[in-house]
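The same chain A turns up in both complexes below, where it pairs with chain B and then with chain C.
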Partner chain A sequence: MIAHDFDYYRPDTMKEAYGIYQKLSAMDKSPAYYAGGSEVITMSRAGSILPGAVVDLKAIPECTYMGFADEGLMIGACVTLSAIAESKLFPMLGTAVSRIADHTNQCRITLGGNVCGTIIYRESVLPLLLTDCSVYLWGANGERRVPIKDVFHQRVMLKKGEFITRFAIDQKWLGVPYIHVKKTKNEKIDYPLLTLVALLEGGDIRMAFSGLCEFPFRSSRIEDTLNGPDCTISEKAERITHQLPGPCLDNLDGSAEYRAFVLKNTVYKVLQKFKEMPNGRI
Partner chain B sequence: MKSAVGTSVERIEAWEKVTGKAKYTGDFYSPGTLHARLVTSSIAHGRILSIDFSKARKQTGVRAVLDGKSFPALFGTLLEDQPALAIDKVRYFGEPLAIIVAASEAEASLAAELVEVEYEPLPVINSAQESVQQGAPLIHEAMMSYKKGANDLLPQAGTNVAASFQIRKGNLSHGWAASEVVIEEHYSLPGSDHAAMEVRVAQAEIKPGGTVEIMASTQSPFAVKKQVSKLFNIPEGKVVVRVPFLGGGFGGKAAVYLEVLAYMASFAVGGSPVRLTITREQDMASCPARLGLEADIKLGAARDGTIVAAEMLFLLDTGAYCTSSPYMSKAIAADCTGPYNIENLWCDSLCVYTNHIPATSFRGFAHESYTFCIERALDALANRCGIDPLELRLKNAIQPGHFSPTQVRITSSNAGNTSACIQKLSSLINWEEGIRIELGDGKVRAKGMSCLWKTSTSPTDASAGAILTFNSDGSLNLNTGVVEMGSGGQTQLAQMLADRMKMDIGRVHVRLDVDTQLNPHYWKTVASMTTYMAGRAVIKAADDAIAQLKAIASVALRCPPEELELGHEYVYLRSDPQFGISFQKLVQGFKYPNGNAVGGQIIGRGSFIMGHLTPLSPETGKGKTGPDWTVGAQAVEVELDTTEFTYRIIKAATVMDVGKLINPRAAEGIICGGMSMGLSLASREYFPYNGRGVMQATSLRNYKLLHIGQEPDYLVGFVETPQEDSPYGARVFSEHGIIGIPAALANALSTASNSSLNRLPITPETIWKSYMGGKP
Partner chain C sequence: MVEYKGKCVIDLQVNGETRTATVRPSDVLLDVLREQFGLTGAKPGCKNGDCGACTVLMDGWPVKSCLVLAVEAAGHAVTTIEGLQNVPLQKAFVDCEAFQCGYCTSGFLMVCHSLMTQHPDARESVIEDWLQANLCRCTGYSEIRNALRTVLPD
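Up next, the complex of A and B:
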């Protein structure tokens, strides 16, 4: 149970949500935005966060909409992982999110919540990084649209009180062939030792990772190695294990050495698969 | 009429459970009940310098706070080594050291967070091996002065060894001299959680008249009654313990503990009802769990694989307190060989303290742990001899005329037919096709097997009772005191009763919840003994009721009772079945046409007490711990990707000698459940500790279990060799499905990966490490 009392707000508009958040902050309520609630509930239960108030974003139409607009596919931040997977609108994202938690939780966890979560893996961001999606944020000056690479560095860089309202993905990415691999310690439903999502864009490989470092990432250095000439795929796989943007995770799910082994092995297999594809030039 | 025995009748409580209406301890709540919350230790070993309740007391709703000084006595079933709440020092991370009683669960929980404890850390013993090192710090300095509940424990002064058992059989030096092949291996199994779906909970109330009412999720209501009575000096009849359905026990709810704390909490608030709710996290970190085990096994054999010598050392990690672990060490010693004939045998089985969570009984009562070691050793031996592992087991399988490690003569009645199980398993899992098949692309399919045997380790005088009463329509009520925890024991008892009374099972009504004031005494619902112990009592009670029915019917039918038969709720004349009288007219007294009545109501009673059990000789281990063994053979088939060491479990198979099948579908179900638990244990489950002995997985977020949908195909076969002293010749097997599975999985994966996997759990990383010999 959560022993602490907290206030609950459910605004109907983005503007109202932002306003309530600011007001609660001024009252020292340490408010938290609330989408699916899975993290707020478990973290509060464990005592690691104690919000005095939560601001539920699920009644805001923009945040729960999923469908097409001029910008491409719009996915509201409060759309659940299971809704994304079942819609089949963006198969790469659908595959990635259906390997996060179990089905019960997928029906609760939202895309925005997973991208912003405190749990470090945030695997749903990988397809978003690969497809250069746009992120809509609501803040002091209303809504703004930014490329994901400008707002996601290891984690989402939000100003205080700002929140993600929706994501926009260009149509051209929705049907692109991709490879998704998730490796866990042994249990299917678990945090990743390595989650890798990759696609081919104009003959070049794009690849994003979770589970390797304390944050999910896409690295130009690694992609340069993958797409560079003059070495075998086995050498490439070996080389990128030395190009991680941070220390390799070493925890109960797996040691750093083993993760490096899994990375090398997995990348090797993925590169081999790309090689067999018609446009692959590796 | 078709007999209820041998039929797959559905479980008596099935409808309650599948509709979600079944009630468990946590579902019984009466207004006005106060809430207790545990404050637990944040370090693994240390002196308690101070406990400051001042902030906690200020929290609204707090009614009482308790710590070790509130009740400074020690308790324990086998060795009285445990304080109700830590006194002077804490011995494991998660150890309860204080209780807050408050008006609501939230207030108790908030106050618990405000308790400030100051410790002086002490050196931590983080493994069984560290515990037996020379000069290891003592976890219980006063161990030798602790009172014992059993006099065969042999703790070793000045050490952390709380109990020791030894087997000395045959002549080991002759055995080694005759050995042409010798293997020696070390095995290591970490502790793990029971992970029952229902977390533990206990409620207590002291009535104004002095009666103590306890409701708890326990497998041992009668032991709770006895211990609470003894500890707090309350007349036993004044302690009433109730148990509704139990949401899974697996041995983890056999130890008496939370009930003691709940009583103390109620006492502290003047007897008001108090519920002690345990969170999942506390259920995992603070309540007794499954043992860890370290073992060294050396086997000697002739070149043809016949084992001629064995030397074994087992170190059972009982954690900070003993609970029932000494008898698990005893059980390991008594059955250490598995169902194999080894004439020259030494075994030392020690129960040692560490700064881990206390260990208690777990499905298999340590057999699931030591069997891993011996069965891995058998595969190592088969490899060394160049013999098929199944052939090696057949060659050494125990037979009538052999002697068990404790020198009990083996008969087909007391030990079933191991060879028949192995042979049937061979065809069930298609052993003949080969145990390692390369599939291409680096994939390998492999099989591994294990045998199992298990007898019980009860007190020599464990007993059961049964009471039968009748309704006026002639139907029956059965009352035993067995806790219903999902193993289907009560259904099997009803089947036996219906068969014995030659009536429809739908007419047998079973009292499913336990109330120690109403039910006859039953030792504990543990050790898979329901069909044997309670079964014997039920049969006796049925015979008693039958005798009474015949006696009163002989008056009504005017004939000697020996001329009467029973069937379809009638008592009739054997020579003329048309001439009879219905139960309905007999069970509450027989009334003559003129209104005169005779006979009174019929109440059947039966009881059973274990026979011929003896303690083990401290020198040789000679003795008898349980009445009979149940034997079986199990196999697991896996597919390993040798490029990345990931694997899939494809099949798991069991052939069990069940003596006589009472309920075929229920038997398959419980054996599959055992296999599932064994696979989960072997592939995922363990308690990781950091260097300071702090448990790292205290929630189901990072403690992983096998999920539904990840199960392999299960295959179950039966052998039926009657056990002569058991009702219908049936053997007990509720726990047994788990026992050989971890070993079978390890054997399959060792074969698949050409490495030696002697530790659990087995994950792709551990296979990788073993394969690489530690070098990436």
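Up next, the complex of A and C:
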């Protein structure tokens, strides 16, 4: 049971959603955008957030569409993780989202909700970072399209009231060779000790991580090391453990030292696999 | 735009019938099913989306009813364990002794029923993925899986 009351709005258009959010904000209602509801409901029940209103985005056609357009594959922010996996349109993303929570929760959790979530792992963003996807945002001046690297720095950076409507992924990325590895402490369904997604494009490796730092990331410094010609696979795997963009997580799931150990060994195995691929040149 | 403010009256399609409830917009579906409709087959367990004891189907797909607002369910077909009448899966659970204390059983039945409907040709890895959404503290997992296997085509 959620102890406090909130109002519920389900707009039909992006403009309507932004408008009601602004109106509710002006009334000091502390509105929250709402999609799958997992975080809003659990955090409201715990009393860690107290929204006076929720604005459900699931009736907005742009937010629920998944299919192809001129820009490539369009995935609405309110498309569920299970729908993405079942569609098989973007296998790398489908694989990554299939390891977030459990299957029944994947039928509710949305792509936009996971990317914008407060849980630090946000593993669905890894394939989006690797493929330089575009993010469509709706705000004061209507819809704008921005590269994901301009709006995602450790977490999504949105202006007040702005919301993600959809993601656009260039078709050239949909079939590239990729490797996804998720390591957990014990159970298959758990937060990651390390989630690594890597792809091979034109002989170069791109790699993104979750579970290592307090945010998911892709690092040009690490990719320079991975693709540099001047050392062995073993040396590259060792070197990147010293190139993380923040302190390594150190908690009950795994110490910082252990996570670095897991990282080194996982990267070593991934680089070996890529080396065996036809276009690998590591 | 749909709006619900304060106490409001909603119609829900539950097990093929239209049911009316007076709810707060922050009421979760689990509480409305149990307290207003008397459909106590969906069980409150963790109430945090972890255990799966409260699983029901929305438009044929499993959801944890503790993580769905009742007002969200308006316009969708909700199926609870009370809506499953003499399906072969239930007999398979009995025949395979796929329950002990029984508290998790309705949630498992709903997940299994949805899997049979959505993926009648499910491979072992798909079965594993779907069943991992529910917990059985009596740890009768292998019996539950066996029961499901007996009703899936070879």
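Simple rule for what comes next: the second predicted complex is superposed on the first by the 282 of 282 C-alpha atoms of A that agree within 3 Å, B and C clash if a C-alpha of one lies under 4 Å from a C-alpha of the other, contacts with A are read in each partner's own complex, and residues count from 1 in each chain.
What we mean here is this: contacts are C-beta pairs under 8 Å (C-beta built on N, C-alpha and C of every residue); 3 or more make two chains touch, one makes a residue touch a chain.
Just so we're clear, the structure is a prediction, and the values are computed from it rather than from any experiment.
In the superposition on chain A, no contact is made by A:Arg221 with either chain B or chain C. In the superposed model, C is the one of chain B and chain C that contacts more residues of chain A. When the two structures are aligned on the shared chain, A:Tyr258 is found in touch with chain B, with no touch to chain C. In the superposed model, A:Gly47 makes contact with chain B only, not with chain C. By the touch criterion defined above, A:Lys149 reaches neither chain B nor chain C.
Once the two complexes are overlaid on the shared chain, A:Lys15 sits clear of chain B and of chain C alike. By the document's definition of touching, both partners, chain B and chain C, reach A:His4.
With both structures placed on the common chain, the touch criterion links A:Asp190 to chain B but leaves chain C unconnected.
After overlaying the two complexes on the shared chain, residue contacts for A:Asp102 are found with chain B and with chain C alike.
Residues common to the contacts of chain A with chain B and with chain C across the two structures: 1, 4, 42, 102, 188-189. Interface residues of chain B, counted against chain A in their complex, comprise 105-107, 109-110, 113, 281, 643-644, 646, 683-684, 688, 696-697, 699, 701-702, 704-707, 710, 761, 763-765, 768-769, 776.
Across the interface of their complex, chain B is touched by residues 1, 3-4, 42, 46-47, 102, 183, 185-190, 252, 254-255, 257-258, 260-262, 265-266 of chain A. Within the complex, the chain C residues that touch chain A are 1-6, 24-28, 31, 47-49, 52, 55, 61-64, 66-69, 71-72, 111, 129-130, 132-134. Note for the complex: chain A touches chain C at residues 1-2, 4-12, 16, 20, 37-38, 41-42, 44-45, 54, 56, 58-59, 82, 98, 101-105, 107-108, 188-189.
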